[in-house]
Amino acid sequence: MLDVRELTTSYGAVTALDRLTFSAPRGKITAVLGANGAGKTTLLRTLSGLVRPTHGSAELEGADLVRTPTEAMSGLGLAHVPEGRGVITELTVEENLRLGGLGRSARSQAAPLDRVFTLFPVLSDRRNAIAHVLSGGERQMLVIGRALMATPKILLLDEPSLGLAPRVVGQIFDLLRSLVESDGLTVLLVEQNARSALSIADFGVVLNLGRLVVHDEAAVLAADEKLRHAYLGF
Amino acid sequence: MSMLAAPLHRVSRSTLLRHLAVALIGLVVVILVLESTSTFRNAQFAAMAYLGIAAGGLTVLTGLNGQISLGHGAFMAFGAYSTALLYREAEPVLPVVGVLLVATVVALLVGALVGVAAARLHGPYLAGATLALAVAVPGMAIFFGDSLGGEQGLNVRVPDVPGWFADAVFFLTAHDVTASKYVAYIGWLALIVTFVLLANLSRSRVGRVWRAVRDDEVAAELAGINLGRARVLAFLVSAGCAGLAGAVMAMAVRITAPSGFTLTLSLTLLTAVVLGGLGSLLGALIGAALLTFLPQVVTGVGHDLGLSDVQSAELAPLVYGLVMVLVILLAPAGIVGSLRGWRRSRRETT
Amino acid sequence: ACGAGETREQSKGEAGSSDVGITEDTVTIGAHFPLTGVAAPGYSEIPTGMKAYFDYVNAQGGVDGRKIEFLVRDDGYNPTNTSQVTNELVLKDEIFAMVGGLGTPTHAAVVDFLNSEQVPDLFVSSGSIQWGDQPEEKPFTFGWQPDYESEGKIIGQYVAENMPDAKVGLFLQDDDLGRDSEKGVRRFLDKQIVGVERYTSGNTDVAPQIAGLQAKGADLVLSFNTPSYTALSQLVAMKLNYKPKWFYANIGSDPNLVGSLLSKFSEGAVDGAAPLDGVLTTEYIPGVDSEDDPWIQLWQKVWDEYGDQGDLTNYRVYGMSKAYAFVQALMAAGPDPTREGIVDAVEQWDTSWPGPELAPFRFSEDSHLGISGMRIVELKGGVGKELTPVLVTDIGDAPIEEDTSGQSDDAPAESGLPEIEPVG
Amino acid sequence: MSGIGVGFGGIVALDGVGLEVARHQVLGVIGPNGAGKTTLFNVACGFVQPDTGTLTWQGRELDRLRPHQLAGLGIGRTLQGLGLFDQMSVLDNVMVGADRHARASFLSSLLALPRSAKDEAALEDRARTVLSELGIEAYAGHLPSSLPYPVRKRVALARARVSEPELLLLDEPASGLSNDEMAELGELIRGLTDRMSVMLVEHHMDLVMSVCDRIVVLDFGKVIARGRPEEIRDDPAVLAAYLGDEVPHTHQDVAIGEER
Amino acid sequence: MQQLLTTALTGLTLGFVYAAFALALVLIWRSTRIVNFAQAPMAMITTYVALLLIDAGLSYWLAFVVALVSGLVLGALVERVFVRPVEGKSEINAVILTLGLFIVIHALAAVLFGSRYRSFPAPFGLRGFEVGELNVALTGFGMFTIVAVLVVMGLLVALFRFTDLGLRMRASAYNAEVARLLGVRVGRMLTLGWALAALVGSLSGLLIAGGSLVHPSYMDSVVVYGFVAAVLGGLDSPLGAVVGGLLLGVSLSFVSGYVGSEVVALAALVILMLVLLLKPGGLFSHAAARRV
């Protein structure tokens, strides 16, 4: 599904991704782990074209992501939930959601909208509120909901649990699992909390200072005592 | 060598001494320049001084405190009209320094009034309000035409050069002091004093608080900063500077009339600030120099190229506008800011 | 004025030798005009007229072998700029004299400076009385056109005598133009005035003012405004169905300009200068439309030969008339003109010298006011039809009299140059 | 705090909430998203005026105070985001926090009198002390935006700390931190309690359970439970409303909790 | 009575003119978060385009359409060439940039077209009606102005409220990066926003010019009052722009007629201050924003 080869990204003198190679299979959740500054966010931003790599390639079902402009990503079926601040605070909750399902008729937006509102009832209560008044967690729900509106083929999630109550985190993870299993969604999940990420992921990629440390099945990683202490912090 | 180093070290550590040292150097440069240039240049330097003072105040407001004012010309008007009222024909009521102080205080008071309202406004709303201020104030001079001279304005007396000053200058340079030169001295002394005070402020707790408010007002408030007070204070300081600048302007131009305080003046100040480099006093000075000398040079070039009067007159705004656009596109941090960035990047690569 | 004495003594050459701005073969003079900005339309044409006439004179060998170099600086009608460009003209370009500097607030910013630097400040382009009523305070400054107060008086008296029943409304620009003229007008018809409305220059919405006059029932409106406001007031009146008799002061009545401004408006409601037909105004120099006038014929010839692109307009005629007066003054100052010399020559102006002005200048040691009078005309097809002979007067309570000097009937010499012997 | 009620239009954000922070203790406030925790903090530091209820601070009733005044009274706070001054150095950021201890007047700043210089030096000392306590003195001259996220979090904490508040409100201080860093943070917070009281809003149960002396649980603006961490963890109402069935790996929390 | 009516009606027409200009500002603000001070000279240029065509013998309406289209093109061009580099950067740099453009376009126009007054035709009558004794100071062209502005406002409201395009434009303005992630072609939206705004600006230029005098500075005073009107309304709201324009136009007309025209600008300041003191974000801003 997603093939990353020799991907290298730098910010000026800082090399944030260093010849990274891995692939994420279709219909699976791949967790991307690593300490702060390991390059996880940079990986996702490179994949969705927000930053350009200096070297290497990334392909989504054969489509070259490196040369695709960001705005065409959603056309390829890629949705990205950015880290923090992804809500357009000046628009209403519903407008934010509508943006997720752009390009589709109002009728075909109805079903995904319903799904988001069932998943996050708070949002449905506040659908006409300006997103600016939402609490931190409500905003996070909105961003995730918005990504789901696009019914993507591959979902890049950057720390989705940030600021969410444990119960909601659980719900979201459940939903991800069910989408993966029923719709064949592919997920790239960046999480600070490696433990819970590995608990739902199929595979795990561990980064350190922009380099790949290991890439293996989630259960294997979770069981690796040394790895956990060195890189995963649990 | 080491004998020198110790006091030098002390000077560089104390904010006040450092600023005073720079001011002293500035003063020497000013004397050298004013004494070696023609009366006409002296008059131009006087203009540069008042633009510089006002731009210095504005750079503090906009650069350090993040408030945009499109209306500082209005405060200059208050300063200038105070000067005109106090410094007319016959015997002036106050000496020059007194006039400058009163003009500053008047503008300060008005600045406090406007600042209180402005403190609640943001971005374009503040810009809109100050824009309205800039166009409204000249109308007041017409409304109170009986005391403020209406459209025609008030004449300002040419300051008498005090005997001791003329003697001192003659003693040093063997030149007589013309009125233009005297006004230029007044302007530059006022500028140096203002800049030292502004530099003190920006290096102190006050400046730090202003910058904090600019960067994140909620966080600043949580740190115990009274947002309104900080904003009003910044507004006040910069309005005071504008008032002082207006006073110098009145003396240099010898008249204060509503048409001297058009919106263009206010926008010119802002332009000087941004072209020079936001938040930098040196930048404000460079911006002021640019705006003083550029139009005349360009018009001259136009004449030399054989353009008609009207065409070469339009050439000045054309070039001036182009410079604004180009600086913003090529050196968004302004002249000083870009030079600093360039120096830093050179230092890093070597 | 009094405080000015302490400035640097001008180092003046000995009598007979040349003065600042004068060389063997040039005389450098300068002026400030609004060439850019809101005041530029119209006014920026004046210096082009002046230049054309100077070029004409230069082509014929100049004055006493000296070519006139005329430097025009833009002040954008902003006194601050006026002060700067005047500094430049006086201190850097070292002009011999300022000729025709335009605007009341703008020129007021530099008049003290010019006098303290002892620069002749000739023929200010403004009708404010301040240029000429106190020659002892401003010995180097001279007006040129009739002052607004005298114009107001002449208009006031005309109305009082010929339209005693009219309910008069005043439409005034809110500056010295409106103020001085109102003073003049009120000397004669204080009682007849039913309403006064003032507009601020730059504010183009005059509907509230015109509506005010309409509401007060004025059936004769005396307007002291600039030409664009003539067009605006006519348009507003049309909108309000307000049809009083209009009397525009000279400054705003350029029928050529206003007519062309109004010409485009639809419905044939306004075409050509027709809307100004029947409007009363005054005249102190012949205007572009008096094609038979010998002066206009001269100006047309000069413009055709030396003008820029564009037609001869009344602004350019104004400029040429003024340039002519300067050449007269320069000739009168003799072969070795000095700054004091030219001032003396203007003070001893000989009213028998032919010139485009319809009434003689008032120049003397006691008055630096310019043209002494004008005649009242009614516009018909864009041309003024004389209603009165040329009437002359002065500020204050000077009487209004018919002019007997014959100024209005003279003609330029064949060469198109003044033919004047040095005075004094 | 007692009987605090806040409404925004149709939404009731807080409904008769009462709680008390004991001296030198850590009070945890938890609850589902949108339960009103941040709003509660906003009431405590003056950003939101409560519709009902009263706020009492050291025996004094606080009424209609503006946020900056509360800071003066000794209430400090960090924001749910970072809220750093991006164009100021780390040192300046922290010195702003210390501003309430500054004594130099405007005039002495204007004239750069020795008094102002002394004051500046004192502020800088304070700031540097706190920076080194938090182990980030090396970054004093840097701009926050150039620093790693955990360091920035510490700068924010340092800025709140340096004002020496008697009550410190921490809004999700652990978000975006890794487990290791969270543990360090926990120790830092505990370390604060000998000087001040702390109120902590957090969704990371590991941290909450390990550092709090008492916990209040909010849901829909109401207190649904309060007590010691152990009591809360097993409270069925809390489980249903907040923790859900997927209480992640409770045994791990205990491990951290036992460290102290 | 007559004067009251006249003052109110002329104020109303003037208000619609301010409203038209304010609408253009609102459009640009909505699409790029920039206040475009160069709006006035841009409109001035397109008015001259129309004038040249009319002078060349074309019909008013053809010139009208060409002017609007050239506004559209000019707006797109300016955005692409000059504004793109400052978008999303420091607010004040954008202000200075548009001021610079203001000056440049102004000077160019003065050189190209000369700075004399010219008259601009109006397609409808410039005479007011008479109803019995009463003169109604509303001309055919005045009514055209009112209708045109209301239609434009309606279209804009509909665009932003009901269409995906409007949503895309707003999303691009507020948060370009997120919009891009969601598949919005942000660059195009920004260009489109400027183009549309310049079109509306051109319309306002034509409405002001109609039956009046044109010279390179003829729009300058509208900049101030149009901007004040937009700020009054809240800069983000097309409806606000129109309400702000009307409020300003009518009250200034009354001030000018009953107090004196020299205090008009002062009155504008006072009105603006009063409104902003009560609602710092303008009349149509959203209520009490959450700060933390």
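Going in written order, the chains are labelled A, B, C, D and E, and every chain counts its residues from 1.
Here, a residue touches a chain if its C-beta (ideal position, glycine included) is under 8 Å from a C-beta of that chain, and two chains touch if they have at least 3 such contacts.
If you want to know which protein each chain is, UniProt gives these names: A, D = ABC transporter ATP-binding protein; B, E = Branched-chain amino acid ABC transporter permease.
Note that the coordinates shown come from a computational prediction; the quantities given were computed from them, not determined experimentally.
Colleague: Supply the minimal count of touching-chain steps required to go from chain C to chain E.
Modeller: Minimal hop count between chain C and chain E: 1.
Colleague: Measuring centre to centre with C-alpha atoms, which chain is farthest from chain D?
Modeller: Here the answer is chain C, farthest from chain D.
Colleague: Quick one: which chain's Cα centre is the longest way from chain B's?
Modeller: A
Colleague: If you average the CA atoms of chain A and of chain C, how many Å lie between those two points?
Modeller: Between these chains, centre-to-centre, one finds 77 Å.
Colleague: Determine the centre-to-centre distance between chain B and chain D, using the mean Cα coordinates as centres, and give it in whole Å.
Modeller: Their C-alpha centroids are separated by 43 Å.
Colleague: Determine the centre-to-centre distance between chain B and chain E, using the mean Cα coordinates as centres, and give it in whole Å.
Modeller: 33
Colleague: Which residues does chain A have that touch at least 2 chains other than itself?
Modeller: 133
Colleague: Hunt down the residues of chain E that sit against at least two other chains at once, touch-wise.
Modeller: Chain E, residues with two or more chain partners: 107, 110, 115, 260, 262, 264, 290-292.
Colleague: Mind pulling the chain C residues that touch 2 or more other chains?
Modeller: Within chain C, the residues that touch at least two other chains are 35-36, 40, 44, 174, 200.
Colleague: Under the stated contact criterion, what part of chain D meets chain A in this complex?
Modeller: 8, 11, 31-34, 37-39, 80-81, 148-150, 172, 175-181, 203, 205, 241-249, 252
Colleague: What residues on chain E touch chain A, complex-wise?
Modeller: Those in contact with chain A are residues 164, 167-168, 170-171, 174-175, 177-186, 286, 289-290.
Colleague: Inside the complex, what are the residues of chain C that reach chain E?
Modeller: 35-38, 40-42, 44-45, 174, 198-200, 202-209, 211-212, 214-215, 227-228, 231-232, 235-236, 238-242, 257, 260-267, 269-270, 310
Colleague: Mind pulling up the chain A residues that touch chain D in the complex?
Modeller: Per the touch definition, chain A meets chain D at residues 35-37, 84, 122, 126, 133-138, 140-141, 159, 162-171, 173-174, 192-196, 199, 232-234.
Colleague: Could you list, by residue number, the parts of chain D that touch chain B in their complex?
Modeller: So the residues of chain D in touch with chain B come to 45, 47, 66-69, 71-72, 76-77, 79, 83-88, 92-93, 95-97, 99-100, 102, 104, 106, 109-114, 116-117, 119-120, 123, 159-160, 163.
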